[in-house]
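Dropping the structures in below, format is structure tokens.
Two complexes come next, and they have one chain in common, chain A, joined by chain B in the first and chain C in the second.
For the complex of A and B:
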């Protein structure tokens, strides 16, 4: 029995290791190859940062990167503000259609981005917004809002309304209650929501792809275009940078949201 | 590279974490005392797995499967990059209608058909998912 247990444990460990290798090996290979001098992935590796230097001379990629960053920051600000306000409203008040509203929050997360993206493209053309950065920001805010609301609502569930009532009874105005009682309590949830919004916008490819114009595309769209034209190690270099940034943001967000149970 | 298996491997790579996360959350929600009780009454590991862990984690596993199926059925980037000439999928056809052929009405119709498929899958999975509550 003991030997059997040890065997099963070992098997489980080996399987876990295989899954981790499957998930991370491609990323590690890509990161390693971004430091390889050979354009054709020749081994042995010759360390060089030539692709990073090339990257910083590539105006299209740099412009797209800045576009990505400011679109992500704008999206984060708008989506976090609206989302936090919506979460507080859903928490504090009961109104007609509230249950329906809460149910309607989830389909945007679950519907394929391809459908959302094409639907937004058609809709934005129909109402005259068309394509461009404005359309991309609108689309990203719409995508990020449900995430913010869900994360902030989860945090609000640990908040007791009695605290608000106590502040009210002591003469605080509605605004003071929100500013000095509610917001400090949910601050970590709001920060986590903001980081999720940033990640959703920064990593977003499909919706940006349909809504952006060639001059004003975002980084993932530019990378996709570059890959279709022909793969160069520059793409490895820029992808390595993006993964490093995204993982940092996600790890920080996970710390605030306490993802994956207690530790 | 540039084949049907390449696309499948690429998509599995992209979406495996979602299933692991949902399955993990489902497993974590199982009350450990149930397992202890079964073991104290002499149930072998296989019985515990089949009679307690599998039924209780089923909603989570189904949720993971649905969560993955939905974005994958609409994916077009992975087939485009990894599939080469074998990479003609529903998603790439829709993309072509909007980006290359500019036949937006056909693209919209295809998108809408895909939406119907996705909603049907949600409806089919909802009895199992409701048990999660």
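For the complex of A and C:
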């Protein structure tokens, strides 16, 4: 019995290891190659930062990176504000069609971005917004909003409405209740939601590709364009940087979110 | 400080009538207990007074002023919630000072009043603790201090001691009563615990299915319940049914049970278990007593007291005796029961 358990335990660990290798090995190889001097991935590896140096001389990529950052920050601010407010409203009030509204939050997460992107492009042209950074931000906010609402709502599920009632009974106005009681409780959820929103925007390719104009494109779009012209290890370098940033953001988000599990 | 008057309050949730024409006057400075089983409407009533719910019709007056459309935060009430609802992100002092802070009181006033409130609930030096570092009883005190520090017109308590264990509950009952007396605030509390209601209240009201069944001082309600429900819900009662005959009740088997002279007799009689005596011989003086034979089936020992279960013509009767008395009960089970006729309670037949 003991031996059997130990065997199953070992099998489980091996499987977990395999999954991690499957997930991360390609990324690790790419990261390693970004430090290899050879343009053709020749082994043995010769350590060099030449591709990073090249990267920082590539004005188009640098400009696109800054574009990506400010678009992601703007998206994060808008999506977090709107999303947190929406989550609190969904928590506080009961109204006709609330259940339907909550269900409708999920399809945007599941619908292929290609379709969302096409739909947005058509819609933005129809209403006269067209393409450009404004359109990209609008699109990113729409994509990020459900994530923020879901994460903040998860946090609110551990919040007792009695706390808001107690605050009101003590004379606190609606705003004071939100400011002093509700927001401190959901702060970690709001931060996690913001980091998700940032990641959604920063990593977004399809919707950005559809909505941006050539001069003002974002980093993923610029990378795609560069690859089409001819692949250089510079792309490995920039990808490694993006992955490092994204993973840091996600790890921090996961730490804050805890997905409503902890009080 | 103010009195609270409810006049014909009706509140429905869909087809469910939670409150059905409830009228009560809560006198200024009184400690008033609302008692009833779950679903009786007592919590709904408290929430209507607080302003968390608006009644469908009827009026709520606090200090003579109509507050039907006044929101909670403007009603100037203090409320203690069942699970205390202390703000987890604030320490004890900030919790207590919250009501003063949102009223924009000067920092110095807040510090002084919070200090006084902490002393009143005997938590003097715990101001810097967080709620999760406190015991249940301490949290209870913080919740109370927080509710009264703003000197509200009325204090509402929703099952305030429900989450505490038995021994602590008794301590807190004494404490709650002391604090209420000290500040003299009109207090309305909801409970399903009849003992708690009897201990704390100056007056109690019994609710059932959204209606006020009976209200009055605890002793009066206990000694003179007017309905079968009130008799059974507040304390235990043995109930006999029969036909009214003069100032007595004739049971189906011919036994005659007398009421006290001058009683408005009814077809249902209640007797509290503690007023019935168990003897092995028929009692000598029978003129002013009701007595009959019964068979002792079981005794349940509970320390100071013991409950005897007896059977008579298929009816199970309960008698409360002192714990030391059960040894003297006859072994064969055949006993005589008797009680003074002025302990016979006539129950109105509203819910027979």
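One rule holds for everything that comes next: the second predicted complex is superposed on the first by the 243 of 263 C-alpha atoms of A that agree within 3 Å, B and C clash if a C-alpha of one lies under 4 Å from a C-alpha of the other, contacts with A are read in each partner's own complex, and residues count from 1 in each chain.
Assume contacts are C-beta pairs under 8 Å (C-beta built on N, C-alpha and C of every residue); 3 or more make two chains touch, one makes a residue touch a chain.
Since we're looking at a predicted model, the values are computed, not measured.
Colleague: Just checking: does A:167 make contact with chain B only, chain C only, both, or neither of them? Give me first, second, both or neither.
Modeller: Once the two structures are laid over each other on A, A:167 reaches chain C alone.
Colleague: Examine A:184 and indicate which partner it touches, taking first as chain B and second as chain C; both and neither are also allowed.
Modeller: In the superposition, A:184 contacts chain C only.
Colleague: Regarding the shared-chain residue A:214, is it in contact with chain B (first), chain C (second), both, or neither?
Modeller: A:214 sits against neither chain B nor chain C.
Colleague: Identify the partner contact of A:176: answer first if only chain B is touched, second if only chain C is, both if each is, neither if none is.
Modeller: A:176 contacts chain C only, not chain B.
Colleague: Check whether A:17 is in contact with chain B, with chain C, with both or with neither, and answer first, second, both or neither.
Modeller: neither
Colleague: Tell me which partner A:113 touches in the superposition: chain B (first), chain C (second), both or neither.
Modeller: In the superposed model, A:113 contacts chain B only, not chain C.
Colleague: Applying the document's definition of touch, where does A:130 land relative to chain B and chain C: first, second, both, or neither?
Modeller: Touch partners of A:130: none, neither chain B nor chain C.
Colleague: Both chain B and chain C contact which residues of chain A?
Modeller: No residue of chain A touches both chain B and chain C.
Colleague: What residues on chain A touch chain C, complex-wise?
Modeller: Those in contact with chain C are residues 160, 162-163, 165-173, 176, 180-181, 184-185, 263.
Colleague: Once bound in the complex, which stretches of chain C touch chain A?
Modeller: It comes out as residues 50, 52, 71-74, 76-79, 81-83, 85-89, 98-99, 102-103, 146-147, 150, 156.
Colleague: What part of chain B is in contact with chain A in the complex they form?
Modeller: 13, 16-17, 20-21, 24-25, 28, 66-67, 70-71, 73-77, 80-81, 91, 94-95, 98-99, 104, 107-108, 111, 114-115, 118, 122
Colleague: Quick check: in the complex, which residue numbers of chain A touch chain B?
Modeller: 19, 22-23, 26, 110-115, 118-119, 121-122, 205-206, 210, 224, 227-228, 260-261
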